[in-house]
Each structure stands twice: as structure tokens, then as C-alpha cells.
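Next, two complexes with chain A in common: one pairs it with chain B, the other with chain C.
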Partner chain A sequence: MAVQGIWSGTVSFSLVAIPVRLVKAIEPGRISFRLLHGKDYSPLRRRMFCPEEETMVPPDEIIRGFEILPGQYVLMTDEELESVSPERSRTIEIVEFIDRKEVDPVYYDHPYYLVPSKGGEKAYQLLVEVMRRTNKAGLAKFVLAEREYLVAVTSRDGVLALTTLHYSEEILSGEDLSPRKEKIAAEDQSRIKKSIEHMIADFDPGKYADGRRKKLMDLLAAKVKERAPVEAPAVEEEAGEGPADLVAALEESMQKVKENR
Partner chain B sequence: MSRTFIEMAGRRLSLSNLEKDLYSTYGFTKAHVLEYYRLIAPFILPHLKDRALTLKRYPEGVEKDFFYEKRCPSHRPAWVKTAEIPQDDGERMTVCLVNDPETLIWVENLASLELHVPLARADFPETPNSMVFDLDPGDPAGLLECARVALILRDLLSRMGLVSYVKTSGRKGLHVYVPLNRQETTFEDTKTFSKAVAGIMQKHYPDLVTARMAKKERDEKVFINWSQNDASKTMVCVYSLRAREKPIVSFPLEWRELENPAGPGDPERLQVTHSEALSRVEKKGDLFREVLMKKQKLPHL
Partner chain C sequence: MAGATIWKGYIHFGDTDVPVKLHTAVREERIQFHLLHRGDQVRLRQQMVCAYEKQPVPAEEQSKGFEVEEGKYIIVDPAELEQTAPESNRMIEVHEFVKTGQIDPMFLDRLYYLEPDIQGKEFHALVKTMEELDVAGICTWTMRKRSYFGALQARGKMLRLNTLRYADEVIPAGSLELQDVPLSEKELKIGSELIEKLTAPFEPQKFESEHQKKLQAMIDKKARGEKIAILAPRRLKPTESDKLLQALEASLKKAA
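Now for the complex of A and B:
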């Protein structure tokens, strides 16, 4: 299976280093639409607009500012931003192994898979198997797309999974949101408990599907059959221009050609 | 599947399904296709040499599905010459170079009826050997309208000091080639020049010519496709068969053949079939030879 890798390097801890590639674990089912011009079906482009001058702003006039007070900014250059960007990781260095059960799901951010690269298959399989049996997760720091992530490496379906985790400072506590404590009657508690027990099932996410997505896909399929899709005008460079010298010479030659025909 | 083994230049080739009818309404089998390419080889090979071949394969014949193959098939014999060419995504791709008759026959055994090549050679992919004007008529315009446009184009280029050559596309259009054969000329140059020429042609002959790609602009007019002057584009090679009902060839014409449209004539009379192609090269040699040899500089760039 040749899956395009997002990153390649090694997973390592103590004396083990396993060459791996990072691949995506999620194919988002979102259906997206292009925005078109209703008159001629041209796909629309976003451009930056300056409301003060009422004009479009070219890319070389766009800079970054951090808003410290309304209307007041600290400017930041690309170089300055780059100076604080972490260096690209070559390794995913596991620093601790923890119990998987210990990780509150609220920390899970985005899942990927790690697949073995050439030469790493054996050590990889060993790690997959041991982590599966012990139900451990390896914690590591990892830089991806200029961001530094805390990640959990786990064993899943015979492969290593890598999940980026939120940092604890990003997590909003639920404490402040919980209502004031009130006395709960014992019979109320057991009634709720019973109702829940009635509805116990095994977790089977395959039973559920995105209903809107399904309907939307059906609708699109029906529309495709019903009538031909509208076509955007071909985008092309305008023919005819060229270096002034050349155009003048062509014009002169063309006049002569016409006179002689 | 039937197999026939042949030996060419000491190399053993396994040919398959020679009896398969590839042009079924005309009755032209794979054996006929191989025979055509064997006989035309001395004429077509100089034009294929060292260029990244795009195969256009018709395994079930011209009426059935075809597919393009840019990558040189991995099951190729060890003696097939290849080149590594960079792609847009930075990866490199292995392509076939058809430099000898054996490779040509091997490629044709894959039912690659049409042979398409870039305007540049694989080792200098940014240096086109020629500038091309791909004349493509929009219905109901046809070959005769193309011939009119080609002649005006020839005269215009000639006034600019450039000699040009013409071949049939083997479909509905004509291809006008301007030999360059200079290291210094890039696709950027040929694109700038051809675009300006197409623009002038459209300006002076608005009812006959369009330089715009949009389909609706092309009705009844001859589209001068200048955008073929690009490292990523390919043109059907001169002397290649085309996949139509009849085995018609993309074939070089003499300008005077376009000048004397014999009466209202059937525009199809300009088309050259496989047998006519072979008898013509026998008599006249390679009319496109100069396209590979002649050195010309694009003026005013």
C-alpha cells in the first residue's frame, strides 16, 4: 500500500529507532462547494480589500499585526515569526509511557497513523504488539507544519496510531459550568440508573451515518443525471498582446501580407 | 492470446495478437500497424529520437477505449532506452525514448497507435526545437479553412523572416512548424511569439480565426492554438498513425498542395492514408527533415 506520507522520520525511545511515515487516519466526509459568479459560473477568488481606500490590496502590501487594544497593533514580520518557529522534527522521541485509560478524551485532537518505512518492519511489529498487550501510550513532542505538538503513540488495529493532544492550558475547565450542588433523592438516582441500564449497548459507530451528507450526495447524483453541469468560462491569458516591438513588426508584416493577397 | 516471436538487430521480441483488427471498419490489423511502422521507421525515428514518448494505446482498437501512458511501462525490455524527467510535483518519471526500430515495434505491439512527443528533447526539456501553431477548426469549418489560415500564417511568418513547414494533424486540422534548433530559445520565447502571432491573425481575420480557447468562440472558425508551445504539452509526431476509422497519418505537405484547392473538393483529399504515406516518402523523402535541422532565430524578442 503506497500511501502518501505527510512526514517521515523515526520513532525512538531508549535505544530503539524505527523508521516511519506519518499518514492521515481521517478522510473528512464534508462536502464542500465552490463559490461561483451567478452570471457566468466563474469560480470566485478571495482578494484582500482595504475599506479605508476602497481598493484591493496586492500581496506585497499585506503585513501582520497583533491586536493589543482595539485598533492598536504590534507588527510582526515573517522573519520574526520564523525565529520562534520550532525546527522540523526528524524523530518522534517518546519520553514517557502512560496508561491509555489515563488520558481524558478531551485531550485528543487529531489522529494519524505511523507506517513502517523500509528496514523498520520488524521493530515496528514488536512495538505494536507490546503496546497492544500492555495498553500503554507513548508520549512525545513532535513538530508538524511549524507547530510543536504533544502526541500520544498507541497501538491500534496492528499499526501505530499517533494522536496530537491538546495542551492542558488549552482545555477549558468544566468546573465553573457545573450547577450549584443540590440534594438528590436516592430513588431519583436509582430511577435514572435503571433507565440507563435499559439502554446499554456496545459502541458500534458503524450504525450511525451523517444523514445530511447522504441526502446531499443523493441530491447531487440526481441533479447530475437531470441536466448537464454548468461550465465555467475557460480561463486563459488573452492572446494578442506581446512585446511592443514584436506586435508592431507583426502588424507591419500583416499589412504587407494583405496587400499581396 | 497468440504470440509470435521475431528477432530484430539481435533482439528478441514477443508480438501478441497480430490478427487483432484495430481499425475494424477499414480492416487493418495489428500486423498491418506493425508493418506500417516498420516501413516508415527510417522517416519517423529522427522525429521521435530522444523525446519523451507519450503512448496513446488502443488495446481493443480505434472504436474502443484508449488510454495515455506517459510512464514507460515497467515490463519493458532491458534494451529500451529511457530518460528520467522531472514532473510538477518534483518527482521524477521514467519515459521511453524511441531511438531505434526495435523500440518502435515494441511500442506498437502495445497498440500505441498514436505517438505523441514534446517539442523539446528529454535532455533539454526547456529548449523547444520548433515553434508550433496547432490549427484546429470548429464545426462547420474544416480542413479547407485551416488551409487558408495556414497560408496566411506562412506568409506572415515569412515576412518576419521565418520559414515554416506544415503537416496534417491526421484529424481535422493542420500543424504549422517553425524550426528553431537554437539552444538560446526557450518555451517562454515561443509562447510569447506564437501568442502575439495568433492575436494579430485574429485581429485581421476575425471571421476566420480565433486565438481563444473557449469552445463557443471556436464555432465556424479556425482556432490557432499557440498554447501548445509549452514544455508540458505534446504534439502527435509526424508520420504517426491516427486513431480514426481509417489509418490516416499525420503527414507533411508541400505548401503548394494547400494553394491549389481543386475546386470545391472534398477537404478529406488532403488527408494521407498509410499506403499513400509510404509511397510518398519513397518518392519525396522526409519533407519535415528541415524542422529538425534548420536554425532560425525569433526576431523582436
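Now for the complex of A and C:
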């Protein structure tokens, strides 16, 4: 399967360097609708728009700005952003390995896969296999666009997975939620224990489908019988369409994930 | 400290109902950039544009379509979509309990903390029992017109609710179709030894995003009108296949 890379660079541990590409591991499975122009059924595209000039702005005229005073910005080019931590923008350097079972799942954020680039296949497979045998994960920090991520590199079904982790300062303690002294009635506990033991099963996520998805599929199946689908006018792909680079593409997809929440 | 209460409901399993409040558990703070028009530094906004007419399309002229085949859509109106939204009933229904180690971390999505609501008598009994049995409750619920699938987990007297991704959202590793490369037992043995040598306890608090501070310093510098040195990203030379054993041996020596 050809997969689009989000990022390319090197994953390293000690003196071994493996060229890799970062690819997605999660595909939002919700039924997705496309926004269309009601009049001609042409799909709509997300573009950046300058409200002052009332024009669409092509990617090469877009720059990041940090607002220091209302309406006043410090501009940052991609090269300048990469210069903030140049040692981490193209290298995922595993600084240490940890036992996977020590990781509190509270830290896990978003998973990706790493795939080997040409010439890196052997060293890649070695890392996959030794991390599988030892049940370890590699910890690294790397920078993508304006953010530095703490990540865990793990071995999963013959592939390297990369999961971004939350920094511990981002995790709220929550200790204010649980009172220090609580009384547990023995009869409550034994009744709950009995209930739970009765309900023990194996983890099988496949059987929990989203009910709404089913309803939507039913609705669509009914509609397609009622009326033939509408057809969009043919549009030629213009050069320079879409996001300027893959980092922008990633940000766009992250944005979509947020909108879907 | 936990985040604000975002939802209230009750956990239901067997013949037990435990009222709870949901709190956010993670707070991310980061430096926020805006996208500007390079020439006049006007802040840009996103606009939906018709691919055919190349013109902006206001919200009232937009419709939603499901693509049945390339370029062919079934138009669905908002009222019809509304009907498919799940009904809310405030119940977090536990369907089964599984050993905590069985939950594949790749399924874990967002995390919430649960606080006992009204009287917390059974709440604490539930937390204690789940910890003792080392189990998580697999549950479903509806919140803000969306159905969720999740895992209830007890940890250190606290109860957490982790939303889980649906199985068809996780891309199987096998679909990447990576080639098998033969490795020698010697390479694997030295590789494993090296990893053991480089292993440390998991101490996430020792990692902080230094990058945020460096980025802020760069912004401040630019704001004062100072020049920024452009540094090329470090790129490592890939280890060639026939040099792998050598690199592993040298690494092991270095780690010793």
C-alpha cells in the first residue's frame, strides 16, 4: 500500500541511523461528507482568504505570524522555525529505552507509524525485532513545525509505531477529585466484585461499532434508492493546489480532527 | 488540580449505578501562530471555495454530499442528519470488564477524570475493586450528540475514563506491507544487549519542551529587530546494511 508521508528524516539510537518516513496510523472512520456548492454540486475546497483584498491567497504568499500587540505580528519563516531546534527537526534521536509496562497510559497522545526509506530496511527491522524481544520503547524528542514532541517508538506487528506523549506538566493531577478519607462498606464491595467477575471478558474492540455510523449508512442506502446521485462538474487540477508542504498538510489534518470532536 | 466539570452522568453495570462528573485531565499550552498574507500582514481566514467557479461560497449556499463514486454525490439535508444523532441518556454503560493489560494503547484517545457525584459510597468501592482485580470497564455512552466507546480505569484511588478509537479507525500495521529482511542472530544479540544498556526508568517529568522557551526567545529577538541565524537541520547519514553489525558493536562499546 502506498502511503503518504507526513514527515521524513532519520530515527537514531546510539550510532545507528535509520532513514524513515512518518505515516498516519489512525484514519477517522466516521462517514465523512463533502461540502458542495448547492448550485452546481461542485466540491468546495478550503482556501486561505485575505479579507482586506478579498482574494484567495496562494501558499507561497502565506507566512506565520506571532501576535505581540493587537494587529502587530512577528513573522516567522519555515527556515527560521527549523532553526529553533535544528538538531531535532529531521532526526528522531532515541535518548533512552524504557520498559513499556512502566508507561502510565495517561501519557499516550497520538499514534503514527514509521516506515523505512530506501537503504534503511535492515537497521529498521533490527530495531523492530530487538524492541519486540525486550518489550522496550525508545524515548525521543523531535520537532515538527512549531512544536516539539516527546515520543515513544515501539514495535508493533513487525512495524515501528511512534506515539506522541503528553509532557507531564500537561497532565492535571486530579488529586482534588478524590477525598482522602472514604468509607467503603464491605457489602458494597463484595456485591460490586461479584458483578465485575461475572462480566469479565477479553478485549475485543471490533464488536463495538458506532451506532450512528450504522444509522447513516441506512439513511444513505434509502436515499440512493429514492434518487440518483448528483454529478459534480469536471474540474482540472491546478498546479500548486492544496497545502504548501507536508507540515501544512499535517496541520490541516490536525485541525480537521479537532473540528470533528 | 483537575479541569472544570464538562459533563455529568452515571456509570451503570449489573444492578449498580454510580453517579459521576467528568473533568478534563490534560491541558496543552503552546505558542500560537496566525497565518498572514506576506505582503500586507493581514490575518488570513479560511474560506470555502467552489472548485468549479473558483469563487468563495457563503454558508447558506453549501450543502453536504456523500461521495458514492468519484464525482457523484448523494445530497443529505441537515434535518435528516440530525435524526441520526444518538439520543442522550446520561448513562455510561459498562458492557464488560477486561484485564487492563489487554487494552491496546493504540486505541486510547482522550482522557477524563471522574469525580463522585452526590454520594460517593459505591464510587470508592468500585475503584478499589477494579484496582484489586486489575480490570478496566469497557463502556459506551453519549455525550453532546455523539456516541463514545471507552475504558474505565482505576488508578491510585482515582477513576479515569479514556475514550477509545473504533476498531476501523486504527490502520493495521500489516497494511504497510513491509518487506522481511533477514537478520543474523549475532546482530540481534548485540542489538538487544545495547538496548538493555541504554534502558532507564520511565521518568517523564525530566522531559520538558525546551523548544517552547527557545521559540519564545527567538520571537522576542525578532521583535527587537535582531537578526536570526538560519541553521540547517541536522541530518544523519543512514547506517548501511553491511555496516550495521559494526555500528552496533561500536555503540555497545560506547555505552559500556
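By definition in this document, the second predicted complex is superposed on the first by the 165 of 261 C-alpha atoms of A that agree within 3 Å, B and C clash if a C-alpha of one lies under 4 Å from a C-alpha of the other, contacts with A are read in each partner's own complex, and residues count from 1 in each chain.
Everything below uses one rule, namely that contacts are C-beta pairs under 8 Å (C-beta built on N, C-alpha and C of every residue); 3 or more make two chains touch, one makes a residue touch a chain.
Values in this document were obtained by computation on a predicted structure and should not be read as measured data.
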Which superposed partner A:171 touches (first chain B, second chain C, both, neither): second
Contacts of A:233 with chain B and chain C, given as first, second, both or neither: both
First (chain B), second (chain C), both or neither touched by A:80: second
Which superposed partner A:67 touches (first chain B, second chain C, both, neither): second
Superposition-derived comparison: chain B or chain C, residues of chain A touched: C
Doubly contacted chain A residues - partners chain C and chain B: 233-234
Contacting residues of chain B [partner chain A, same complex]: 152, 155-156, 159-160, 192-193, 195-204, 211-215, 226-227, 299-301
Residue numbers on chain A that touch chain B, as the complex places them: 233-234, 236-243, 245-247, 249-251, 253-254, 256-258, 260-261
